[in-house]
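First subunit A sits with subunit B, and in the next complex the same chain sits with subunit C.
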Partner chain A sequence: MKKHLLGFSLVTPVMVIMLVAIGLPLINSVWISFQDQRVIGGESEFVGFETYVRILLDSSFWSALGRSGTWVVVNLIVQTLLAFSAALLLQSKGWWAKSARVWVMLPWVIPTISVTIIWQWMLNSNYGVIHWALGEVGIDLGSPFSDPGVALFSIILVNSWHWFPLATVVIYGALATVPEETLEAARIDGANNRQTFFAVTLPLINPILFALGLVGSLWSFNVLDSIYLITEGGPVEATTTVPVYIYNTAFGAFRSSEAAAASVLTVLVLVTVAMLMVRFARPKEDS
Partner chain B sequence: MKFKRGKSLAVLIAGVVGLSACAAGGSTETAETDDTAQAEINESLTIWHMENTPQRVAAWGAIADEYNSTGPEYPVEFQVQEWDSIYASIAAAAQSGTQPDVLFAIPDFATYVRNLGLGYPVTETVDSLDSAHGLYPASMAAYTEDGDVWAVPLYGMVQVLWYNTQMLEAAGVEAPATWSELLAAAETLTVDGVSGIALPAGKNLASDQVAYSLMLTGGAGNWFTEDGQANFNTAEVVDAIDFYNDLLQFSPADSGNYAWGEPQAALNNGSAAMAIEKGQYLPPWVAESGLEPGDLGCAPIPVKDNGGEAGSIYYSNAAMVLSDDESRRAGASEFFTWLMEPANYSSFLHAEPGLFLPVTGNDAHIEEWRTNETIATYPECVDLMLELSTVGGLFGFVDGQYISRIGDISGQNILAQVIQRAYIEGEAAESAVAWGQQEMEDALR
Partner chain C sequence: MNVKTRRKQKKSLRQIIAMSFVTIVVFGPIYWVTMSAFKGPQEIIRRVPSFFPENPTGSNFERLLLATDYSTFLINSIIVSSGTMFGTIAVSLCASYGLYRLKIPGGGKLAGIILLSYMIPGTLLIVPLYGTLNDIGLINSHAGLVLVNVAFTAPFCTWLLRGFLQSIPSEMDDAAAIDGAGPVRTMLQVVFPLLAPGVATVAVFSFVYAWKEFVFASQFIVSDHLSTLPIGLKGIIGQYTVDWGLVMAATVFTLLPSVILFMFIGRFFVRGLMNGATK
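And then the complex of A and B:
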């Protein structure tokens, strides 16, 4: 115990800060979720699980949960494809690949507010450059952010464009950890590029991909800014994911307790999903 | 090895102790400086506003400097906030007791702030300013409940119909005065690549505002019963939603995601012939459209053919006093009195010429205000906005109402959602309005 004293003393400040900055608000949220508070900080009474029942009976909450599922899965697929493609290209030897290691990061560096404005401008039907360019070749882009059928997917593309560089860097780093002699051995054994990638490279970087997928999914689930800045959850709730639902409930409808209850339920869903992923999707140690 | 580890530990501890001592030694002097600085900060009146464009921030910063140079007991300091986050910020400030001394507000937001338990009546100050300058009744009405006034009116905003005169002349269309004329004009002016009108239909306040102007001229401005219950599901509201939906058919295809900026950009770049908005359209017109000032036309909000009356949404922007300290509240009152002096008031309004309208009929105010180049360039439109200021209204505050929970409705953009259901989902106006009625009842429960 004595030999760990220094370690504990160094960790304690961080633990205290985390307890105050995360633990207390979390406990407060749970407490508020059992009240009937409307405006944050307003008067309220203890109502038990009444607020939870109201949320669970609200079809908008379940619709938002479904949209969040779509949001996470499609973001994961699109970003993984983009990031893998970019990372493999970055491994090339040319000068452009070296320079691309810098500029491929640009979308990630741009603040979210700028990203959303840029894309809204580019896709605007009056003065959007993409809208105009596609129109010149006879393609009518329509209304990507105001058509309920495509609005969510349009924002997913914007969000993926914004965040794929981060995944690119991680995957690029993971690919760099694959020993050259292992790849060489596979080639000597007659494996082509595709076989080498799927039989050697992918299993070796699987643990990193799993961690990236897990953290990225949780991160992606909680995205509020991109969606809110572009559509505020519209049109007709077509882009209302769970974070937007919670935000609108708290700061649009001013129902703090319902927002807190929805948050608690969401945490439970996320923890369950994360545990299932760890239990069933975690790569084997010997892989 | 053991010795080395012990020695390293000793060096580490000595280092930490040494650094702590340095920090402590430094902090004594710093603490004194901080106390002085804190005292200075405490003496200043903190004013939160949400007008965050650079020219507005700069102009009001200059106003603060000007006032502070007069040596008041309480200097003022403007701090910029965001409309998108102010609801959360002020709630957090209320919880922690760190609210600003003064908070700029619009009527529905003011009800929200009051529901947080913040704010003091400023009836005496407002009465005094009214006696001295003649405040427009509409500017005070939305902040008055049971004889108490809860904010000091500072500037107004009102909407008009803006149009490109060249386009209307080329199409042989007169400025529309009625709903049927507006619809016919929008249809006639819609040609290849040009929309007859650009309207917002996103889930946002911009859509609420433009639609509400037309609701007012369609006799659908009052959404509540006398006892404050939701009364949204009326024939007049259904007509107004139907009409707005009809107009949207001649608005750009992506109007369903439009807010304030897009219709203005469409009008200025020639891809739309008309738009309904406030006076912020004046300053950039020439630079962005490449046309002359005379090519920007303006007209009152068209009126419903049967049963309509003149009107427009009117926002009285005002300052709430939140300080719990009586002497600081007196300091705020002193600042407002200084601010409403003609020379100071015109500088204050010139932060956004055309958008910020005077809330008084004081000739000296108007005269000083008109010295601004933008205001002087568009005298007819300015006169029109001043005229509409006297007949304007706002949801929750028409016909002498004061709906203390209107913020719960406007915060959810229920009107914009009703519009979206009709425009985007193709739902019948009757059904969309019935949904809106239910939402409003839920909001008020």
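And then the complex of A and C:
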């Protein structure tokens, strides 16, 4: 009994903090979404689902949702490819891999604001080093962040540079959990490296990859700073994903209720997609 | 051992190319911004860029320190990041001990709820959070920012510590109990000291999180003299748009502190993340 008392009092602080900073705002968000509040904390009255209807009829919201889909999927592909290649290299012996296991995290350690400045500087169409280097080999980069056709993908590359280290370390950790004997056994049975990887390693680390993909996708869906700091959602909404849409609605157009309604709808979409993925795509954990 | 070293085959050309690629991808941008920060105003906007400053100058950094409020922003960032770090350590250490070691009734459900908060996008909460912070009088204060940061780092860190707790055999608790140690003493004197690597991991994660955090800091801090570095840097860019040298120096001085911290305890962090995330 005394043990449980200690246990509960230990869990209390995290519960209180999360209640104040996540729970209450979430409830508040639902509340505001049924009002017609404009400025945060301003006067408002109950309007029921009116705001929701307006959001659902707003084509900008749907395009933002579509862009968020593109954002999540392309980020996932680029980061997985980068992280997997890096993780496999980290497995090799020698000083390179040994030191790289630490310094590969550097792009993640750097503040997002610095990341965005560095890349905008390197891609600058007048003085940028990458712009110049590509120009030397005959490729005109143009202005990657102000061309509506490529702006979103340019930011995805910048964001991937910022976030791939975290995935690298997790995948590297996953690879390290595969017992050496299992790999050895496969090799003795005559499997080459590629076969060993696909038939032995990949199935074994699949549950970790799934968890990483799920959590990583949720995190990347929520990215606002990388996009906002480079384009603020422009040019002409070309990089307005859902978080940018909500941010601009709340703080640019000062329509709190619409931002809240869009938030609630988005949480519903996220939870549904996550539950569907857990239900149908989760790898079986029996071995 | 000897057999192993002899068996170490030569690296293939493909592997060397891939290693160089990763090295350039990681260090290239960092190298470039650092070099740019040491260039003079003429050299930095040359059409054909120089790969090493011809006349390295510290004048960009000098202007940064003298003409801008960099030092104020730096101190604010250190306060907020340290506060977040200590707060997260305390809160997540307690929570994970209660949830995963003492196994309180309903603990599984609580752990589930904590993990579920991963899914709740911080961005979507800015509007109502502003109201909440306003109500409890913590808007425009470092304490408010720390509170919000801890709320968003603690869930992940609580879960991360689980892996470390599991690696400490529970027989140790029983042995301590037989020796007459109460549950609190067991926790503080037997288990917590063994969690040092886990604490280092949590420390780096939460410090870096707060150091990088932009969205909350830009909305919940109104006064310039309370702003953290990312917000300050954004202001500096706005004010000195064409002064690329100054902007580069400010960028370097914003990323440097977290990079230095990482150089010292980064390897504990990487090991901790590997252990925690794959259990």
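To be clear about the criterion, the second predicted complex is superposed on the first by the 280 of 287 C-alpha atoms of A that agree within 3 Å, B and C clash if a C-alpha of one lies under 4 Å from a C-alpha of the other, contacts with A are read in each partner's own complex, and residues count from 1 in each chain.
Following the convention adopted for this analysis, a residue touches a chain if its C-beta (ideal position, glycine included) is under 8 Å from a C-beta of that chain, and two chains touch if they have at least 3 such contacts.
Model, not experiment: these values are computed from the prediction.
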Legend entry - Simultaneous placement of subunit C and subunit B on subunit A, clash or fit: clash
Inset, instruction - Go through the superposed model and pick first if A:A186 touches only subunit B, second if only subunit C, both, or neither. - result: neither
Inset, instruction - Name the contact category of A:Y127: first (subunit B only), second (subunit C only), both, or neither. - result: both
Inset, instruction - Quick one: classify A:A253 as touching subunit B (first), subunit C (second), both or neither. - result: first
Inset, instruction - May I ask you to decide whether A:P148 touches subunit B, subunit C, both, or neither, giving the answer as first, second, both or neither? - result: first
Legend entry - Which superposed partner A:I230 touches (first subunit B, second subunit C, both, neither): first
Legend entry - Partner chain(s) touched by A:L209 [first = subunit B, second = subunit C, both, neither]: neither
Inset, instruction - Answer with first, second, both or neither: which of subunit B and subunit C does A:L10 touch in the superposed model? - result: second
Inset, instruction - Mind working out whether A:L89 is in touch with subunit B, subunit C, both or neither, as first, second, both or neither? - result: second
Inset, instruction - May I ask you to decide whether A:V200 touches subunit B, subunit C, both, or neither, giving the answer as first, second, both or neither? - result: neither
Legend entry - subunit A residues touched - subunit C or subunit B, whichever exceeds: C
Inset, instruction - Just name the clashing stretch of subunit B against subunit C, choosing from 20-28, 38-46, 74-82 or 236-244. - result: 74-82
Inset, instruction - Return the residues of subunit A at which the contacts from subunit B and from subunit C coincide. - result: 6, 40-41, 126-127, 250-251
Inset, instruction - Sort out for me which residues of subunit B touch subunit A in the complex. - result: 9, 87-88, 91-92, 94-95, 112, 115-117, 198, 201-204, 252-258, 262, 265-266, 269, 271-272, 407-408, 411-413, 416-417, 420-421, 424-425, 443
Inset, instruction - Would you tell me which residues of subunit C are touching subunit A in their complex? - result: 8, 11, 15, 18-19, 22-23, 25-27, 29-30, 32-33, 36, 44-49, 90-92, 94-95, 97-99, 102-105, 107, 110, 114, 117-132, 134, 136, 147-148, 150-152, 154-155, 158, 183-184, 187, 208, 211-212, 214-215, 219, 229-230, 233-234, 237, 244, 247-248, 251, 254-255, 258-259, 262, 266-267, 269-270, 273-275, 277-278
Legend entry - Residues on subunit A engaged by subunit C in the complex (per definition of touch): 2-4, 6-11, 13-15, 17-18, 20-22, 24-26, 28-29, 32, 40-41, 82, 85-86, 89, 92-94, 96, 100-114, 117-119, 121-122, 126-127, 129, 132, 161, 166, 169-170, 172-174, 176-177, 208, 212, 215, 218-219, 221-222, 224-225, 228-229, 243, 246-247, 250-251, 256, 259-260, 263, 266-267, 270-271, 274
Inset, instruction - Quick one: which bits of subunit A touch subunit B in the complex? Just the residue numbers, please. - result: 6, 38-42, 120, 123-127, 142-148, 151, 230-236, 248, 250-254
